[in-house]
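Each in structure tokens, the structures are laid out below.
Common to both upcoming complexes is chain A, partnered first by chain B, then by chain C.
And then the complex of A and B:
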């Protein structure tokens, strides 16, 4: 059953560009990018148990790295995206260092500050980042003569990286690293006592998570081909955090569901127009009061879906 | 400016001590009361004291309502749940304010006059003197309240240890409700004092709460005098770095300093540890 279901979903997502109209497909691409972001944030928050409210910073670092490389040095997307990931990885180590000494509430303040600093730097370093106007005309990727100009073709690039993120994260969790992350979440002191190098793994969690966020940033920049600091605000960090919490903290598929819900909800609730954000706030409170452990728990009650949500 | 951040930070810390919740909606109390006094005083032409009192009381009521409807049901949940909940409250309040008062920022007339007074070489603006005066009175009042009255002492008991307090026959729920009311009043007061300095808009809440949060953290989270001082430090350093270094980078510098402080003194400047 699980196998059939997995194949069904795989083929469904593979075939989306064949039958979805232009706009819904654009949404599917956006969802894909946010899936990567949410799954990556889950590595820090859900698995390692550290609070981060500055994830948009890594998204921004990735987006600006690969678009600047492409615009100023003509570096192709395929190299740029990994450069973006690696630069983000570096920033992740940078932000990971305070976690050695700073905990809980203090850590959330450090991550907020880090996010705001990166955003302000993007606005103010005008000669490099284009300031508040941002960068436009970022080229779409291409292979030989074929350029991924349409959402139909770009969708496959995003799908590839989203699947890569999901499955490598699942694999990571079953490895030595994943078990170390979980042990830090459950009880840091106990983990240290049994010989887990907690400082090393905490920094590593931030760095790995940032790597994926950098990939997402690069995809975003090359997909919409225009970036400015407004896309990487504190609000973006909050949205990603909301995705993983309402989806189900510490569950990869939960993050995927959360990314779908939060990205698609405003589209389905269009009729509410300007009331949407207020209703969204209200909905968030209701979720936290009545369904704290996330949407994924609903699936866990259904027998055939249980195996998927592990 | 620093004193106002201090006030917000104070309310923020009160709630943290009592309910172990990081209240991201604290800035919205300022925003709402700023709008209320704008409506009462400017639009409806009430006398200032009446408008002032009404705005303060209503924000206190708002604080109690927020506690009853959102904080009480999630008490004891993990910090992340609490963060998301108060962020939800903040999003809800600031966007609801948009329907009532629109998205445009409003200018608020100066209440105490802005003709400068000369003291030798120092120039002072009456409004700022008033703010300093009000905040100092308030701090003394709060001190007396917390150390001299039964209600104040009970509130401190709840903040110290909820379980023991309830064993002593204190109604913890009622006290936490009252603490929310009190800190919403503080936030409301900050909002009113702030209105003539900046402007009144539906989206100021989050920026204010972030500053106050940082102030509270610098002061050693959980310490009330620390919160006040931390808020003042944030306000002063923000203005000084804007003046001496560059207004574009003032926030970058402030955040950098904060991160540095936290790395070297992981639980704030005034912590006991």
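And then the complex of A and C:
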């Protein structure tokens, strides 16, 4: 049953560009990018038990790195996206360092400030980042003569990286690294006394998470081909945090579901016109009250879906 | 007999309170040593100093010819000191097996890249870690409960899981902080034979315990703390007769007043 279902979803997502109209397909691309952001943030928050309200900063670092490489040095997307990941990884180490000294609410303030700093830097380093106007005309990726100009084709690039993020994160979390992350979440003192180098693993969690967020940033930049600091606000960080909480903290598939719900739900509430944001907010509050462990718990009650939720 | 652990003038102050006051204590390799003393005498604080939970204010902790004073807990664990906690500190929402697997982390060689590519070495190591974890669970008598979450275990079993987890780091010295607390007489008898079995595998044991039946039944040496100072040390028989020890536990008698 699980196999059939997995194939069904795989083929469904593979076939989307064949039958989805333009706008819904654009939404699917957006969902894909947010899947990467949510799954990666979950490594820090859901698995390692640290808090981060600055995830948009890494999204931004990735977006600007790969855009600038493409615009100023003509670096192709396929190299730029990994460069974006690596630069973001470096910034992740930077933000990981405060976690050694501060935790909980204090850490959340540090991460918020980090996000604001990055955003301010983007606005003010005008000669490099284009300031508030941002960067225009970021080239679409291409292979030989074929350029991924349409959402239909770009969708597959996003799908590929989203799947890469999901399955590589699952592998990571089912290894010694995942166990070490979880042990820090569960009991940092005990983790230390059984020899887990908690400082190393906390920084590693931030760095790996940032790497993926950097990939997402690069995808975003080359997909919309125009970026400015408004796309990487505190609000974006909050959105991603809401995704992983709504989906179910500490569960990779929960984050995927969260990314879908938070991206798509407002779209389907638009018929309520000016009230749709309010209804959306109310919906989230109800979900939190009645499904505190996230939407994924619904799946955990269904026998054949249970294996998905591990 | 060689000394595996030796503290020299080990001191810890909390504000104006001297919790551990210039304690010189040595633990001989391959033996079971007990650390006893009335409540608040500093036994757990002493353990916390040995394992790096707190840095000492003064003094040295020589372990295997190396001064570990002021080192981080994970560093000390890697050097071969492992412990259990009086107030249980398990990874509550991890399974029993995972609790013991985590404790082997610093013996693992897998790299991130290896994990992503799922190389044969990574798969083999993972199997080995799992197999080791099962054998430690087997040793303490928790076989067949591997997939339950630690928080669902009964209290006595949680204490045993702490021992299995501590053993999984493959320590030279195992510190047990009141392992028999909350156990009935059958359970504590089982515990005594388990501790002996662990010692027979070549692991030195230092235990803090209030249950005198356990202390006198298995320890070869006993040290006594009172108000942060060592007041006696010797064989169980010697310590039992020591006037200072009797006074610390029972108070000053009329004759000596």
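The rule is short, and it goes like this: the second predicted complex is superposed on the first by the 310 of 310 C-alpha atoms of A that agree within 3 Å, B and C clash if a C-alpha of one lies under 4 Å from a C-alpha of the other, contacts with A are read in each partner's own complex, and residues count from 1 in each chain.
Just so it is clear, a residue touches a chain if its C-beta (ideal position, glycine included) is under 8 Å from a C-beta of that chain, and two chains touch if they have at least 3 such contacts.
Quick caveat: nothing in here was measured; it's all calculated off a predicted structure.
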Ask   = Once the shared chain is lined up, is A:267 touching chain B (first), chain C (second), both, or neither of them?
value = neither
Chain B versus chain C as contact partner of A:242, first or second or both or neither = first
Ask   = Comparing chain C with chain B, which touches more residues belonging to chain A?
value = B
Request  = Tell me which partner A:230 touches in the superposition: chain B (first), chain C (second), both or neither.
outcome  = neither
Ask   = Should A:180 be classified as contacting the first partner (chain B), the second (chain C), both, or neither?
value = second
Ask   = Touching A:168, do we find chain B (first), chain C (second), both, or neither?
value = second
Task = Pick one for A:189: touches chain B only (first), chain C only (second), both, or neither.
result = second
Overlap of chain C and chain B interfaces on chain A (superposed complexes) = none
Task = Would you tell me which residues of chain A are touching chain B in their complex?
result = 45, 51, 53, 97-98, 101-106, 108-110, 112-114, 116-117, 120-121, 123-124, 234, 238, 241-242, 245-246, 249, 274-275, 277-278, 280-285, 287-289, 292
Key: Of chain A, residues touching chain C in the complex   = 168, 171-172, 175-177, 179-180, 182-183, 186-187, 189-198, 204, 208
Inquiry  = Give the list of chain C residues in touch with chain A in this complex.
reply    = 51-53, 72-74, 77-78, 82-83, 85, 89-94, 98, 101-103, 105-106, 108, 110, 112, 115-116, 118, 122, 125-126, 129, 165-166, 168-169
Inquiry  = Under the definition above, what is the set of chain B residues touching chain A in their complex?
reply    = 16, 22, 69-70, 73-74, 77, 79-81, 83-85, 87-93, 95-96, 98-99, 206, 210, 213-214, 217, 221, 248-249, 251-252, 255-256, 258-259, 262-263, 266-268
